[in-house]
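In the part that follows, the structures are each spelled out as structure tokens.
What follows is chain A paired twice: with chain B in the first complex and chain C in the second.
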Partner chain A sequence: MKRHLRLFLLYFAQYAKVRMAYKADFFIAVISSMTATVLGFGFVLVLFSKIPRLQDWSFYEVLFLYGFSLVPLGFFNVISWNLYEFGDVYIIQGRFDRILLRPVHTLFQILFEKFRLESLQEVLTGTVVIAVCVQRLRLAWHGADYLWFALMVACGAVIYVSVFLILTAVSFWFEDRVGIVPPVFNMLTFGRYPLTIYNVFIQFMLSWIIPFAFASFYPTTHFLRRESFESLFHLVPVVAASFFVLALIVWERGVRNYSSTGS
Partner chain B sequence: MGAGTYPLQPRPSLVGTSLARVARVYAEFVRVGFVNTLAYRLRYYTGIVTYFIYVSVYYFIWKAIYADSASIQGFDFGQMLTYISVGWIIRSFYFNNIDQDIAYAVMEGKLAMDLIKPVNPQFMYIAQALGESLFRLGMLTVPTAVVLLLVYPIRKPASALHFTGFFASVLLSFFIVAAINFAVGTFAIRLQSILGLLRAKYFLLELFSGLLIPISFFPRIFVDIFAVLPFEYISYVPVLIYLGKLSGWGIARALTLQVFWILVLFALGDAMWRWSSRKITIQGG
Partner chain C sequence: MIGAHAANCAQWAGYSMSPIVLVENLTKEFRTFRRREGVWGALQNLFVREYLTVRAVDGVSLSIEPGEMVGYIGANGAGKSTTIKMLTGILVPTSGKLVANGFVPYRDRRHYTRHIGVVFGQRTQLWWDIAVIESFKLLKEIYSIPEANYRQRLGVFSEILGLNDYLHTPVRKLSLGERMRCDLAASLLHNPPLLFLDEPTIGLDVVAKDHIREFLKEVNRTERTTVMLTTHDLSDIEELCRRILIIDKGKILFDGDLQEMKKRLAKFNQVKFFLKDRAQVARLPLIATDGISCERVDELTYLMRFEREQHSSAEVIRTLVNTLAVRDILVEEEPIEDIVKRIYLSGEVA
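== the complex of A and B ==
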């Protein structure tokens, strides 16, 4: 554990140095990334300039949900960079050989070899938005709320990592010529609005098949003191742990199935 | 890219060259763009799913909102659903990645190839993008439209005349987006990496073009500002024509302004390319 922590810090420091080699470039990346995130709020802001509420959700409640969806996603974006090009770079070009030669878990290397540092702004932006909403909605957070918040963010990030890890692991068996990741990635948009506006089919899918609702909606209902989803809120850590275990199993099987490019 | 087949000669100015020859050259780029996209045709199946997801999210949001009121800002639910759906359907045609293509050409050092071709680089990139868009029209736009029409109660165009105007307007949207993307893409030449910048531009166009929400929903000050910018001519204006919210002279005026913006943006892109290409460093070698 201690060795892995040290390795993580070394990986992180190493990659940060690479990015800091072009300081202006990194600065522009952070600013553009932040602009993109803020523009993402545009739809909600414009919409609520003309309507009072979305179902029984007020402006600041929807804003809270949107803000909360950004925080675990931001952490996921920081470490998910390698997952996007995994099929092309590691499997087709055979770079996974190198990963297998090192005495550290394969997943550890894949996730922590590259960091999308600028995505940390999403964590920051989301947190600021949540803080504003907490104040405007007079939610009066206690110590326990902060702990739950930290736990929920961690669980949300684990859920995102698990879902996309499973999809990434598919490339151990097939060359993904269809591109199954983008549609699933776009389904994240569903998680930014109250689950109750969708039909039963989508609600079920977002809860039990691709459990994005457990990464944003169910945690949010707890913080907004909406009691009706409390039992599902308590399931969040269970869902996160289950999907993570499932992802690990699929990944391990994939690694065993890996045969190099053979050149 | 098939560019080697052209004899090298001084860059032709558009004036004084046989127009047919120029058209032939750029038609070849259109063909190349079309054929290059062929390799990724499988990706379009999931593209249809992606567009379907986008429209569905907004379908449910608006459905929840219209449960309380019959009309908002002059749109009833049927019109709003049609607005959103048609907006995404035409987006699958008019969008392109010229800015990204330039960014990758810079990163991979391929930009040198663009410079030695005896053609106008802006028109070359736009011609290729047109080829891609024509390919997408068949592989993505039409299937997406069919799927959405089957699932959601989308309205028909206001009239045959409106549909004709809409069709012309969408074609012009393509050129507006292409010219904007080319101009933004030229920044890649001076900056190390512009992929983050492109992501911001992507969200900006989504919002300011009226794709996510009609421009008339914005606060007054934004509506006034957008009126003197090209963005709302990408999505908002063509869909208004489709819905019949613009008619007669309104359509003629809208199409004229689209052409005006295309010319302005072409000139801007050309100036920016000249400015940037004075500073080109080709990576690797």
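== the complex of A and C ==
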């Protein structure tokens, strides 16, 4: 564990150093990432200038949910860079060989060799927005709320990682890029609004097939004191753990199926 | 634990000594599907697939003793790299037994990798964007190499391989020869007892090749590191290995002493001679008879080739000096390249 922490810090420091060698490039990445986030919030503002409430969700409640959805997603974005390129870079070019030759878990290397640093901005922005909403909604957080918050963020990030890990592992079997990742990636935006506004089919799908609702909507219901969802809120860690175990199993089977490249 | 593994593997194979690598009946099949061409073909590919099974490695058995340096050769696509990838734990065999340094590579992969070094000539194992020395520092953490050992080994490697000039250069800016030296040093920082090299001298100039060979000899001598290397450059093998393995179409064709192989399989002898003057050239057809070929090397240098069973060198030379005015004569064995070429072409050791 201690060795892995040291390794993580070293990987992070090395990557940050490489990234900072091209300062302008990094600066532009941060600016564009922030622009995208701000535009997202702008949409919520525009929406609520037309309507007073979204079903029975007030402006600050929706804003809270939107802000919360950014925090675990931000952490996920920071470490998921290699997952997007995995099929092309690691499987087709055979770079996975190198990963397999080292006495560190393959996932550790894939997730922590490259970081999308600018996405830390999402974590920060999301946290600030949540803090504002907690104030405006007079939620009066206690010590336990902060702990729940940290746990929910962790669970959300784990759920995102697990879902995309399973999709990424598909490249171990199908080298031709099947293109299932982009549509699923687009589904992430569903998590920014209350689940109850969608039709039953989408609600079911986001809860039990691709459990993004457990990474944003169900966690926030607890903080917004919506008691009807309390049991689903308590299920969040269970869903996160189960999907992570499932992802690990699929991943390991994929690794055993890896066929490298010629020569 | 390692000891127990080793004892087990010695037991099942019935070996009294314990080899560091033991392979029995190793087979790897790849299932690929035939891709149809064009847009319509690509659509069809999604739904209907015709699978083809290719057996890249077909029942290979071999054993390597600690401290050996073994050359593993074969034509392109013969199954060399696939074997190495199974031995290093990258690929899971389709069937067969495989134990290396007391581990089953694909099963115990993460523990096993601490005990091996691997260099692929075609692809670097280092981080592309960061300086060589930073890559080494990462490896130090990854393999938990104690500081003192790390410093000592880095010092020795830098000196023998001459790394100091480019330790602070990012890997992507290195020349092929420099990169290869760094890769080699990186693969040995954790002092593995077992080293796999897949075409370590590919594309290198004579000086770089020489550097790398000397380094390997040194490591083998001082650390008793067991080395298995594949190469297309047979001079690598002649310089480094006593033992040679030849693989063709996934099967081992020859496994044994290199000199023995040459003795057994060399079919031709060759006599190189230097003419006294240009006038002699016209008389050359007189000697190129009866299964003796004569080809030009340069203006006054020629090479005669003949089957050993058909002619003795003494008799050939006698005819030569009686017929032509010759300044100098060299009798040579058939080059190993020619022997191996014949084996690749015929697919058998005859």
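Note that the second predicted complex is superposed on the first by the 261 of 263 C-alpha atoms of A that agree within 3 Å, B and C clash if a C-alpha of one lies under 4 Å from a C-alpha of the other, contacts with A are read in each partner's own complex, and residues count from 1 in each chain.
Note that contacts are C-beta pairs under 8 Å (C-beta built on N, C-alpha and C of every residue); 3 or more make two chains touch, one makes a residue touch a chain.
No experiment lies behind these values; they were computed from the predicted model shown.
Aligning the shared chain A places chain B and chain C next to each other free of steric conflict.
Using the contact criterion defined above for the overlaid structures, shared-chain residue A:L39 touches chain B, although it does not reach chain C. In the superposed pair of complexes, A:Q14 makes contact with chain C only, with no contact to chain B.
Between the C-alpha centres of chain B and chain C, as seen from that of chain A in the superposed arrangement, lies an angle of 90 degrees, given as a multiple of 10.
In the superposition on chain A, no contact is made by A:F214 with either chain B or chain C.
Contacts of A:I28 after superposition on the shared chain: chain B is touched, whereas chain C is not. Residue contacts after overlaying the shared chain place A:R256 against chain C, while chain B stays out of touching range.
Touching more residues of chain A than its counterpart among chain B and chain C is B. Judged by the touch definition given at the top, the superposed model places A:P103 against chain C, while chain B stays out of reach. After overlaying the two complexes on the shared chain, residue contacts for A:R6 are found with chain C alone; chain B is out of touch.
Once you line the two complexes up on chain A, you'll see the smallest CA to CA distance from chain B to chain C is 8 Å. In the complex of the two chains, the chain A residues touching chain B come out as 22, 24-25, 28-33, 35-36, 39-40, 42-43, 46-47, 49-51, 54-55, 118, 177-180, 182-183, 186-187, 189-190, 193-194, 197-199, 202. Chain C makes touch with chain A in their complex at residues 30, 45, 76-77, 81, 85, 88-92, 106, 109-111, 113-114, 116, 118, 120, 122-123, 125, 127, 129-130, 134, 137-138, 141-144, 199.
By the touch rule above, chain A contacts chain C in their complex via residues 3, 6-7, 10-11, 14, 17-18, 94-95, 97-98, 100-105, 113, 176, 256-260, 262-263. Those residues of chain B that touch chain A in the complex are listed here as 42-43, 45-47, 49-50, 53-54, 56-57, 60-61, 63-65, 67, 69, 72-73, 191-197, 199-200, 202-204, 206-207, 212-213, 217-219.
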